[in-house]
Amino acid sequence: MENSEKRVGIEQILVGVVGAGSMGGMHARNLQSRVAGARLAAVADLDTDRAGKIAKGSGSAVFRDAVELIRDDGVEAVVIASPNATHAELTLECLRVGKPVLCEKPLATTAEDALKVVEAEVELGRKLIQLGFMRRFDNQHVAVKEAVASGAIGAPLLFRGWHRNPQVVPSLVTSESIVLDSMIHDLDSVRWLFGREIDEVYTRGISTKPALEGTHDLQLTQMSVGGEFLASVEVYVAAEYGYEVGLEVVCESGTAHVAPFDEAVVRRDAAQYQRIDTNPFDRFQPAFMTEMQQWTGALRSGEHPEGPDAWDGYAALVVAESCIASLGSGSPQSVTVPERPTLYRNEGLGVVR
Amino acid sequence: MENSEKRVGIEQILVGVVGAGSMGGMHARNLQSRVAGARLAAVADLDTDRAGKIAKGSGSAVFRDAVELIRDDGVEAVVIASPNATHAELTLECLRVGKPVLCEKPLATTAEDALKVVEAEVELGRKLIQLGFMRRFDNQHVAVKEAVASGAIGAPLLFRGWHRNPQVVPSLVTSESIVLDSMIHDLDSVRWLFGREIDEVYTRGISTKPALEGTHDLQLTQMSVGGEFLASVEVYVAAEYGYEVGLEVVCESGTAHVAPFDEAVVRRDAAQYQRIDTNPFDRFQPAFMTEMQQWTGALRSGEHPEGPDAWDGYAALVVAESCIASLGSGSPQSVTVPERPTLYRNEGLGVVR
Amino acid sequence: MENSEKRVGIEQILVGVVGAGSMGGMHARNLQSRVAGARLAAVADLDTDRAGKIAKGSGSAVFRDAVELIRDDGVEAVVIASPNATHAELTLECLRVGKPVLCEKPLATTAEDALKVVEAEVELGRKLIQLGFMRRFDNQHVAVKEAVASGAIGAPLLFRGWHRNPQVVPSLVTSESIVLDSMIHDLDSVRWLFGREIDEVYTRGISTKPALEGTHDLQLTQMSVGGEFLASVEVYVAAEYGYEVGLEVVCESGTAHVAPFDEAVVRRDAAQYQRIDTNPFDRFQPAFMTEMQQWTGALRSGEHPEGPDAWDGYAALVVAESCIASLGSGSPQSVTVPERPTLYRNEGLGVVR
Amino acid sequence: MENSEKRVGIEQILVGVVGAGSMGGMHARNLQSRVAGARLAAVADLDTDRAGKIAKGSGSAVFRDAVELIRDDGVEAVVIASPNATHAELTLECLRVGKPVLCEKPLATTAEDALKVVEAEVELGRKLIQLGFMRRFDNQHVAVKEAVASGAIGAPLLFRGWHRNPQVVPSLVTSESIVLDSMIHDLDSVRWLFGREIDEVYTRGISTKPALEGTHDLQLTQMSVGGEFLASVEVYVAAEYGYEVGLEVVCESGTAHVAPFDEAVVRRDAAQYQRIDTNPFDRFQPAFMTEMQQWTGALRSGEHPEGPDAWDGYAALVVAESCIASLGSGSPQSVTVPERPTLYRNEGLGVVR
C-alpha cells in the first residue's frame, strides 16, 4: 500500500468538533464513516475522556479548550456542538480566525447576542457560518418544499407543523427553554418554507404532567407570516409515545405533507403496526449525514455552503423571544425582524439540494 | 300480497322533510332506500315542483307551506333542511305541536335566537330537538373519540382539525357566513371531543383568491377549551382540490387521528393515486344514513335520540359569534357559554353509538 | 296513524330467510333495519327457538320446514342460508314455485349437483337465482374493478388475491372443505375481475398448526385464466391475527389494489396502530347490506337483479373441484367449464352497481 | 495542511471497479462520496473514455483490460460490474490473486460455470467473493426479515414477492434472460428469507405487449421451499408505471410487509398522489451505499463480509435454470441444490446488519 497515497491524492477537509455530547458524537461518527472527503481531525470537550472516546480510532487530536481547537493549524473547519451558552462566543472566534463553522442551534441564547455575531460576520464581509437547522436537509421537508415550489398546487397559504419529543428531564426545562431549544426548529421551518419573515405570534401553553407543573410542555403557536400567510405549530416535549416531526402546507389549489412512516408493516393481534422513532438522532440521521456531506463538500470545492446562515439563526431567535413574550402576556405579539443585510440576501432561504 | 299487511305489522315512523334542496333531497333519499322502519310521508318547499320530484314514487304528500307540513296529522317527525333563516321559527313550531325534529345546523342565525329555542324547549320540559351535526355519526370521528375514551393514550390535550371545501360561490359567502356555516361544524367537534366548553378563540383569516377579495375564505382559529386544553381548527372553503375533513387529537401519552383515505390505490405514470371526495354528501353519506337510522330508530322505540341537541346548537353559535368578533378585532376573544340547563345535563356530549 | 297506510302505500317485498345461524341472522337483521322496501316475513330453522329469536319483534312467521316457508303465500322471495348440503335442493324448490332466491355459496356440494340447478333454471327459461358472492358488492372490490374498467391502466393481466381467517375449528374442516367454502370466493373474484373462465389451476397447501395436521389450512393456487392471463390466490384459514381479504390487479400500464385499512390511527408506545377486523361479518357488513338492498330493490322494480347467478355458482364449483384434484395429485389441473347457456350470456360478469 | 496526513493516518481500502456502465458508475460514485475509509483506485472498461469519465477527479487509474486492473498492486479489492458473460472468469481471476471481490449478479451465465467458481473458492479454502444481491441491504427487506426473526408473528410460511420494471429493450431480452437477470433477485430473496433452499418451481409467463411477442415479460412462479413452505413471486419487466419491488411474508400468527411509499403526499385535482421510483438506482440507492459501506468496512477491519456469497450466487442459478425449464415444459420442476460445502455453512443466510 505504500504507493497508494501517491496515486490517490484527494484532499480531505480536516474538521474539528467542539463538544463531545450526544450531538457532537453524532457529527463525529458521521465524519468517520459516512462522509467521503472529510476527516475528523480534532475533538474538544472539558471532559477530555469523553472527547478521547469519540476521537479514538481516528487518530484525531483531543483538546480541553475549544478555542485552542478552533485556532489549531490541523483544523480547517469547525463544528460547534457544545452547550448553548458557548455558541455565540465560539462562533465569533471562528470568524476571527477565518474558519468555516457549522454551529448547532441556537446561534446564541438571546437575539441580542445573535445580532452581535451577525454584525461581526457582516463586518468580515463573507459568510462563514452555517446554522444547524438540519431539517432543511431532511428528505421529507425538502420534498414538501419542492412540491410547493413546483407550482402544481399554487402558492403556499398555511403551514401546519407538529413536533413531539417523548420526554424531557423536568429540572432541565422551562417554558422558555422549550421555545428556544425545540420550537425554534419549527419557527425556522416556517421561515424557510415561505421564504418570508414571521410578523405576529400567539403562543399558548399547558402543563401536561404533574412533574412538569408550571412548565408549558405543550405549546401551540398561531402565526402570521409576511403579512399575508398563516401558520400553526405544535410543540409537545412530553409526548411519551415517540419522536415525531411533521408538516403540512396548504396551498391555493392543493396540499403537501410529509410521507407516511417508512417502517415495515406488521399485522398481528387484530392490529396493524409500524414502529415510531423515539429520538431525533434516529429520525434525522439521514438529514444530519446529508448536512455534513453537503457542508464539507461545498468547503472542498470552494463553494458557499447553501445551508441556513447566521441571519437565519438570528431571525429565529427574534421570533422565539416574541413567542416567550406572548406566553407571558397571554396576548398576540408583533414580531419585528430588521431588514436583512446585503450579505444575506438571496441566500439561505432557497430549497437546499 | 293482500294478506301481507296483516302478517307483518311493523310500525313505521312517518317523517316530513322541510326543504327540497340538496340537503333535504339527501335526507329524503335515505328515508326512501336505506332506513327501515321509517317512511318519507311529506315534503315541503316553496317550489312545489322541486318538492314533488323528491316525493315522487313514494306516495308522499307535497306542501308549499312548511308550517302546514309540521302540523299535518300524517307527519310524526320533522326534518328541517330549509334556509338557515327559517330554522329557529320552524323548530319552535315543532315544539308547539310536540313533534320530534331533526334540524340542520345552525339552529338559528344568532345565538340570541338560538337561546329562545332552548328556552322554549326547557319550558316544554322534554327534548324534542336534534341538531344536524352529522360528524358525530361519522365512523372516523367516532373511532377517534373512542380511541381517546379508551384511556389507552391518556386524557386529550390538543385538538387539531381541518375542513376544506373545493369552492364557494363568491357572492354567497362572507367571512361571517363561513364561520356560521362551515367552522361551526369544527367548533361542535371540539366541544364534543372534549366534553367541555370553549372559553377563548383567536381567529385569523386570509383571502386566497381575487374573486374572494375581502372575504376570509381561509380561517384559522386557535382555542382554549375548558380552561385547560388547546385546539386549532382550519377552515378553507376555496381549497379547490377536494372536500376533506379531519381531526387529530393529541393526548397525554399518544395521539389518535382519522384513517387514511378509504379508496382503491392506483399506480400509474410514476405515481400512486387515490381519489378524494369533492363534496360533503359523498364524504358523509354513511354518517347521514346512520344519523337518520339512529334518530328514527330511537323515535320508534320510544327512547331519547342520543344525538346533539338544542344546547349544542346554541353553544356552537355562541362560540361562532366570538370567532366573528375576533376576526373583526384582530384580538383573542373570551367566550362565555352560560350554565347548561338541567334538561341538557349528562346528555348530548357522550360518544354517539 | 290510522290514515298513514293509505297515504304511504309503498309496496314492500316479503322475504323469507332459511337458516337461523350466523349468516341467516345477519341477513335477517339487515332486512329489519337497513333495507327500505323489504320486510322479513318468515324464518325457517330446524331449531325453531333459534328461528324465533331472529323473527322476534318483526312479526315474522316461524317455520321448522324450509320447504314450507318457500311455498308459503306470505313469502315472495327467499334467502337460503342453511347448511351447504341443502342448497341445491332448496334452490330447486324455489325454481319450482317460481320465487326469486338469494342462495349462499356454494350453490351445491358438487359441480354435478350445481349443473342440475343450472339445467332446471334453463328449462324454466328465466333467471331466479342469485348467488351469495357478496364480494361483488364490496366497495373495495368494485373500486378495483372500476379502476381496471376505466382503461386508464390498460387491460388486466394478473390477479393477486389473499384471504385470511383468524381460525377454524379443526374437526369441522378438511383441505377440500377449505377450497369449497373459502377459496371458492377467490375463484369467483378471479372470474368476475377478468370476465373469463379459469382454465388451469395448480394448488399447493401446507398444514400450519399441530391441531390441523393433515389439513392444508394454508393454500396457494396459481391459475391461468382465459388462455392468456394469470392469477395467484392465497387462502389461510388459521391466520390468527385477523380477517383480511384483498386483491391487487396488475394491468398493462399500472396496478390497482384495495384501499388501506379504514380505521383510526393511534400512536402510542413507539408504534402506530390500526385495528384489523376479526371476522367476515364486520369486514363485509356494508357489502351484505348493499347486496340485500340491490337484490330486493331490483325485485321491487321488476328488474333482473344484476348479481352473480347460478352459472357463476356452477362455474366456481367446477374450478374448486379442479383445485381439490390438484391438491391431491400434486400437479397442475386443466379446468373445463362448458359453454355458457344463452340464459347466462352478457350477464352476471359485469361490474355490479 | 502538510502535517495533516501525519496526524490523521487512517488506512483507506483501494477499490478497483470493472465495468463503467450504469452499475459500475453507481458503485464508483458511492466510493467517491458516500463511503468513508475507501477510495476509488482504478476503473476498467473496454471503452476507456467511459472509464476515464468515471475516474475523473478522483485520481484513479484507468485500465482497458479488467485482468490488468485485478492484478494491479494499487488495487486491493475489486467490484465486478461488467457484462454477465465475464463474471465467472473475472471472479476466478480475483481468487487467483487472492483479492476480495464484490461481483454483480449473476455469478455466471450457467449454474455449471457458477459451480466452477464455488469449487475454486472451496479449493482456496477462504471466502473472497460477495454477490451483489443488494436487496439484502435494503432497509425494507431487512425490516421485514427482522420482524419475522423477532418471533412475534411465528415462523414464516409463505413469501409473496413482486418486482416490476417500467420497460425493457425488446431486442435485449428473452424469457430466459428475464429469469436470469431479474427473477434471480426474487429467488435469492426467498432463499434468504427462509434460510432454506427452494425445491420446486412452477413458472408461467405471458407476453403483454406486441413488441415483446414471444417473450414472457410477465412471469409468475409458485414455489415450494425446504419441503414445507410456499412462495409466489411475480416479475413484470414492462410494467410501464414505475419501478417497484416488494415482499410480504405470511407467518403463523401474523404478517410483515414492506413499508408504504416514503414520498411526500400531494393532494390536488380530487386525488392524493405520491411519486413512484422509475428505476432500481433510485429505489435501491441506500441499499447500494450500505452494501459498499459494509463490504469495505469489513475488509478494513479484517472481518469476513457478511453479505451473500458465491454459494448464494450458485444456488440462485440452479433455481433460475429450473424456472426456465418449467417455462419451457409447462410443468412444475423439481430443484435439486447439492449439499452446501463446509466453507459456506452458517454464513450468508443470516440477517445482514
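Order of writing sets the labels: A, B, C and D. Residues in every chain begin at 1.
Criterion: a contact is a pair of C-beta atoms (placed from the backbone, for glycine too) under 8 Å apart; a residue touches a chain by one contact, two chains touch by 3 or more.
Remember, it's a predicted structure, so these values are computed and weren't measured experimentally.
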item: Chain pair showing more contacts of the two, A-C and A-D; value: A-D
item: Identity of the chain that, by mean CA position, is farthest from chain D; value: B
item: Proportion of interface numbers common to chain B and chain C (over half same, under half different); value: same
item: Averaged-CA centre spacing for the pair chain B and chain A, given as whole angstrom; value: 44
item: Chain A and chain D: spacing of chain centres that average the CA atoms, whole Å; value: 37
item: Chain centre separation (chain A, chain C; CA means) in Å; value: 57
item: For chain A, residues that touch 2 or more chains besides their own; value: 153, 240-241, 253-255, 260-261, 267-269, 274
item: In the complex, chain D residues that touch chain A; value: 1, 3-5, 7-12, 14, 31-37, 39-41, 58-61, 73-74, 76, 139-140, 143-144, 146-147, 152-153, 253-269, 274, 293, 297
item: Chain D partner contacts - residues on chain C that touch it in the complex; value: 153-154, 157-158, 160, 162, 164, 202, 204, 206, 208-209, 218, 220, 222, 224, 228-230, 232, 234, 236, 239-241, 250, 252-255, 260, 331-332
item: Contacting residues of chain B [partner chain D, same complex]; value: 240-242, 244, 261, 267-278
